[in-house]
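We just call them A, B, C, D, E and F in the order they show up, numbering each chain from 1.
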Amino acid sequence: MKFIDEFRDGGLARKIADRIASEVLPERLYSFMEFCGGHTHAISRYGIGELLPANLRMVHGPGCPVCVLPIGRVDLAIELALAQDAIVCTYGDTMRVPASNGLSMVRAKARGGDIRMVYSCADALEIARREPGREVVFFAIGFETTTPPTALALQKARAEGLRNFSVLCCHVLTPSAITHILESPEVRQFGTVPIDGFVGPAHVSIVIGSGPYEHFAQEYRKPVVIAGFEPLDVMQAVLMLVRQVNEGRAEVENEFTRAVDRDGNLHAQALVSEVFELRPSFEWRGLGEVPYSALKIRPGFAEFDAERRFGLDYRPVPDNKACECGAILRGVKKPTDCKIFGTVCTPENPVGSCMVSSEGACAAHYAYGRFKDIPVHAEVTR
Amino acid sequence: MKFIDEFRDGGLARKIADRIASEVLPERLYSFMEFCGGHTHAISRYGIGELLPANLRMVHGPGCPVCVLPIGRVDLAIELALAQDAIVCTYGDTMRVPASNGLSMVRAKARGGDIRMVYSCADALEIARREPGREVVFFAIGFETTTPPTALALQKARAEGLRNFSVLCCHVLTPSAITHILESPEVRQFGTVPIDGFVGPAHVSIVIGSGPYEHFAQEYRKPVVIAGFEPLDVMQAVLMLVRQVNEGRAEVENEFTRAVDRDGNLHAQALVSEVFELRPSFEWRGLGEVPYSALKIRPGFAEFDAERRFGLDYRPVPDNKACECGAILRGVKKPTDCKIFGTVCTPENPVGSCMVSSEGACAAHYAYGRFKDIPVHAEVTR
Amino acid sequence: MSGSRKDYVRPLDLRNGRVDMGHGAGGRSSAQLIEELFLAAFDNDWLRQGDDGASLAIPSGARMVMATDGHVVSPLFFPGGDVGCLSVHGTINDLAMCGAKPLYLAASFILEEGFPLADLQRIVASMAAASRAAGVPVVTGDTKVVERGKGDGVFISTTGIGVAPAGVNVAGANARPGDAILLSGTIGDHGVAVLSKRQALDFETTITSDTAALHGLVAAMLKASSRIGVLRDPTRGGLATTLNEIARQSKVGMVLEEAAIPVLPQVDAACELLGLDPLYVANEGKLVAICAADAADDVLAAMRAHPLGERAVRIGTVTEDPHRFVQMNTRFGGRRVVDWLSGEQLPRIC
Amino acid sequence: MSGSRKDYVRPLDLRNGRVDMGHGAGGRSSAQLIEELFLAAFDNDWLRQGDDGASLAIPSGARMVMATDGHVVSPLFFPGGDVGCLSVHGTINDLAMCGAKPLYLAASFILEEGFPLADLQRIVASMAAASRAAGVPVVTGDTKVVERGKGDGVFISTTGIGVAPAGVNVAGANARPGDAILLSGTIGDHGVAVLSKRQALDFETTITSDTAALHGLVAAMLKASSRIGVLRDPTRGGLATTLNEIARQSKVGMVLEEAAIPVLPQVDAACELLGLDPLYVANEGKLVAICAADAADDVLAAMRAHPLGERAVRIGTVTEDPHRFVQMNTRFGGRRVVDWLSGEQLPRIC
Amino acid sequence: MCLAIPTRLIEVRPGAQGLVELGGIRKEISIALVPEARVGDYVIVHVGHAIGMIDPQEAERTLRMFGELAALAQEPEARTA
Amino acid sequence: MCLAIPTRLIEVRPGAQGLVELGGIRKEISIALVPEARVGDYVIVHVGHAIGMIDPQEAERTLRMFGELAALAQEPEARTA
């Protein structure tokens, strides 16, 4: 696969690893957060951790739209399916996210909810066309990557005058979340966040460009390297971060120039701002309320906004007390610091946000990395 | 079972049989038509034919609402299910009646029609209440027995303001059919109908009383004995007919006094005439158009009349050319006179009306009597 | 394990849980369902092995018999039983009807998404109890989950194997003119019990399904006489259809005596009310045997000595008939053909 | 018959007909469906007998193996196969994975009302062809019909019996530290072929299902070495889940080499596009074998000499591990855990 | 046609419903068409509705009529023998 | 997060749809968000939509950068040995 396989070359990986090893200062600790689950996934799946020096630590950030989806939003989607009898269309990712009362989309489906997995929001639109007698709601999750397709669907729905289609909008914004990690009031609770730099989003940046991170890098004096999701991209970004740290720089650099420029996809941006506007505040699972961190549907598209159409009332649901996700997402703790990691909280029965998607810090560690933590083991028998 | 088992006593049967044998005039042929399928059923199931003298012949009449249901009416019900997406509720009896294009209710159901068997029209009403979003049509067949329950359902539907319930009315009338057998233009085609008397309806007469047959008996000089559907009832009625014939009488006699009087169920009659009115003409399968032989829904209940509600257009469909039902229903031919009886036309694949229901003359003979006709046999293998 | 953190895994929620698609995906949820629900109920060495199949000891020198049946009853729970015990009895009986001693069962479950785990557990427990009572273990199995609306709660296909001792030759083609036709008891109980719970029909009855494993009865019969030619359980289609099948296979006719055929009064009444004929109503714990006329008394005596054959009777005689008609002398004194069932037997109004 | 009128019965309408409830009611329509469709396709003496079960000859002195599987694939027809041949291969393979030579199959069909008879005939023909090609006849069967909306076209549960020669001892619990882990070919073909036809996903591919009967390959392997401990077909849940099952049964760990595991480029591409991992995608014609390390070359040679094992490779080694982890050295140079499948593997966007 | 069966009314229920008994089985039906029916009466049930009633005296009379035939029939029977 | 994959656009279809190819498989997607895409271009596909494009020169440059590292890395590797 062109533009993929070349970036997974183990030989080159070894070279970059050696270069990193040779450039890190032995007396220093390096902590870098990869914001995106895509990077987390690459690190886990390819075993990148093993290729990095002992004094360089990767912290998994909150960059997975499934992980940060709060219980209360899933509850709304389930309410639409079970109480309002709507067809709720959703990406496969949300199917197993735990909601209130022991439910999830999978279990709500098992209880009779007409919940359908779609590959694209265009499929949800098609279902609405095919079943005009039913309300069809698209449960829209995702970052700036996933938002433009939703915007496109809403535009089409309006153009076609579809009367039975609406969107439960849970689209969230990357830059505000990164900022929040460094400046939120909760930071006090966890002490200083020991992050020396960020591996910046790959595909999100295709849409928004590298520009939006510049303010952040300057304001918080943290280096950012935008990197692709292939393992060599991640390793190269780490090398570039090490160099910035060593040289005392805090700039936005772009490793992913083959797909990202400073401006991003202006066409997509224009479309998004035509359909969506900022929400004053939105709850992120594990992070809490984050101001101006999400989008809502503009009044001009009100009839396609499931929240208005069905008069939905958002009710936040607190996470499990034992869950350390808040600290983990901020880089203060590791999955194995959580008392219930791998026992009560497993991918089958996720308790906290980090275990929900395979991109989550805890899930990734459980699936790919836990052979390093001897005491945990995976058994079905009691 | 009280009032049932006593009337099935084989010992008494023997006595009545002997009495009949002793009273028939050996030089005379007796042909009696049992109008009702209920009598046909009793004759077949209990083997009454064997108990009657050789010169006394029972002719199976058209008294089965399923047998006489014309193809075109079943087509309408199927159209409602397949083209109008209505829930069509029906008695089990109609499920296998052949319709056009090789279909039947069973096969239309297999093709996706939402066709539901009900035990009572009250069940159809209940389905309409439970599924307000769907059109529910009750496919109403039957004689004067079955009409009052349908009338009751229509009254309830109007009282409750049910907006999704309607009735495809195919209720037919007994006396006009009996009359038709003796006076229709087709009689010429078959020659004189050689029927010496009629075993009159049992349960129909509970509702309409014995009165309506009086005009008929006088006008056509044919004896009528109203009889219950138990085998002793039938035998006793035969004896009473033999006596009328021998004595040259043509009266309405009532063997079924335990359930039938002259007036019938006045309450039910009032209800029926409140809801239904006479149709000028109605097609009977095997008999053709019979004037004033059926009911339609009164204008006051128009919104519950499926024919008006869905703008249904009745199209008559001719029977198979080989089919001898017309002659059989008039007592001119026997099932075994039909070329395709038991080969092309079987209960699995009925061709004509007499094979449709197990009450039909051909079906009854196929199921219960055909061991007497050696050449016919029942095999699946070719 | 040594040094491991305490090995806690949240158990299946057998009270409020439902079958979901994950239970059929073959991963950890599937394994948990099998272990905590199926294995817990059926518990035996073969199943516990957890392999793709079960490895079994078979007495040598005998003929082996294999039978399979899918069980799709609705409702799943009915008076006197449920789809679980039915699926055990149904296949054991088919083995027994071939003259075999049933040895092992395999069970294939097709579960509908959304089915309550508590109901599944009840069904599986009933199945396990039936299997234990019959002494025929479920040694291997399979579970699939289909989406809601693509199944009907639970379908269970069971397959059994058994051995027929040398000398036993029981088959549908063995009926000979002159043979006696025996019936082990009342007919129609199962069908009426199930119908009584159908939503559209529901009536109150104390009738319970006759569902039972007949291999013990069969063993007693085969011990009593070596001249039993045909054994068959009159399930779907009822006694009438079963006898027509045998008549076809053996190329014979039959004449039955209606008065001899036992029908419980409530079954009779239910059939009158719904326009059904008990001859066509399903049984799940009855058998028909055809044996040489002069062996009939011995066989009947053996049947009546067994709890499942107390009401055994001779109901007719095999005849020579090129048309293979099953005829019946009616209680009333007439004679009629008892034909195959046409289509489904549906409740009628006329 | 002598003196009979010509015995004409309208044959099943195999072109436009549909399954209706009558086909499952046990009467004449059921008999006709069995005779004109099933018997016509499978035609063999046991089935033609028409009894409740099949009476079989079994070589004495061997262990018998029994396996069952329900087949509920959607869509029913997919590139490279259909539910019919799959239902034959699936059960034959489970027998083979126990080291047995498959002898006989039983088939239980659950048909949905409305299913086109033409499609049923195609499926049954494919099943019959697979059964004949494998030399394993379908000797007994059962057919039920469920109402529209209570099934999904056709479900087929097949059960097989076979015999394992003395000396063969293959079981999931037999993996020992140091043993070699062998794989017979590319992974993920079946799952990707089926996914490509799912309405919501549809993509164009020339990938076809690998569905195949593996008993011939197994026979060649067992002939080549007596030191094969474990055989398993990585079906639902894929290679990852199968290896985890074995690790659990044998109480061992495993280390795999990602670079050794063959994956077709199109399978790789489809997985990238849908966010799936080929390790968890189903196979229907592949097997995993675990054997003593020094027997690996012999076994591999035997596998590669068989058409279904041409791409056989050694993919890893069994280790001692109290945690029973399956780990993998990545092609990239790292190492990760290859865990059980959690829930269903669903296409992902992130 | 018109399958109908005499059953005993054992309970009158609201909404013109009644519980009937036949050979040990019970079923709820409508008695709206026979408002005169009382518990203990035998009503004739068709498609879930009582459409008429049994007059026990008349039933008795009819059966007696069959019995009288039996008596009369002695003679021809003797003749046959 | 945001699973997206570079695929080659091999056909432009009506309604801003495009057929893309990846490792031998083909799928129809929306190209409404990259109106500038032409047949032969590599578009990055996410949830059935192309959201951006690959710049082949930049990809080449990035790979060269890794390669240069490889050359530079000769030295530390020797040191490790």
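Operating definition for what follows: a contact is a pair of C-beta atoms (placed from the backbone, for glycine too) under 8 Å apart; a residue touches a chain by one contact, two chains touch by 3 or more.
Nothing here was measured: the structure is a model prediction, and the numbers come from that model.
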Chain labels contacting chain D and also chain F: A
Which of C-E and B-E has more C-beta pairs touching across its chains: B-E
Remotest chain, chain F as reference, centres from CA atoms: E
Separation of mean Cα positions, chain D and chain A [Å, integer]: 38
Where chain A and chain F are represented by their mean Cα positions, the distance between them in whole Å: 21
Distance from the mean Cα position of chain D to that of chain B, given in whole angstrom: 54
Shared interface positions of chain B, touching two or more other chains: 1, 4, 37-38, 64-66, 91, 96, 106, 119, 123, 142, 146, 346, 348, 359, 374, 376-380
Numbers and ranges of chain D residues touching at least 2 other chains: 1, 3-4, 20-22, 28-29, 31, 265, 268-269, 272, 275, 322-323, 340, 342-344, 348-350
Chain F: positions in contact with at least two other chains: 1-3, 5, 22-23, 46-47
Chain pairs in mutual contact under the definition given at the outset: A-C, A-D, A-F, B-C, B-D, B-E, C-D, C-E, D-F
Contacting residues of chain B [partner chain E, same complex]: 1-4, 6-7, 9, 11-12, 15-16, 18-19, 21-22, 36-38, 63-66, 91, 119-123, 142-143, 145-146, 148-149, 152, 201-204, 206-207, 229, 232-233, 236, 239, 255-260, 265, 267-268, 271, 359
Complex interface listing, chain D residues touching chain A: 200-201, 248, 265, 268-269, 272, 274-275, 322-325, 327, 329-337, 339-340, 342-344, 346-350
Residues on chain E engaged by chain C in the complex (per definition of touch): 1-3, 5, 7, 22-27, 45-47
Residue ranges of chain B in contact with chain D within the complex: 96, 102, 106-107, 109-112, 342-344, 346, 348-349, 374-382
Residue ranges of chain C touching chain A (in the complex, touch as defined): 1, 3-11, 13, 16, 18-22, 28-29, 31-32, 35, 113-114, 148
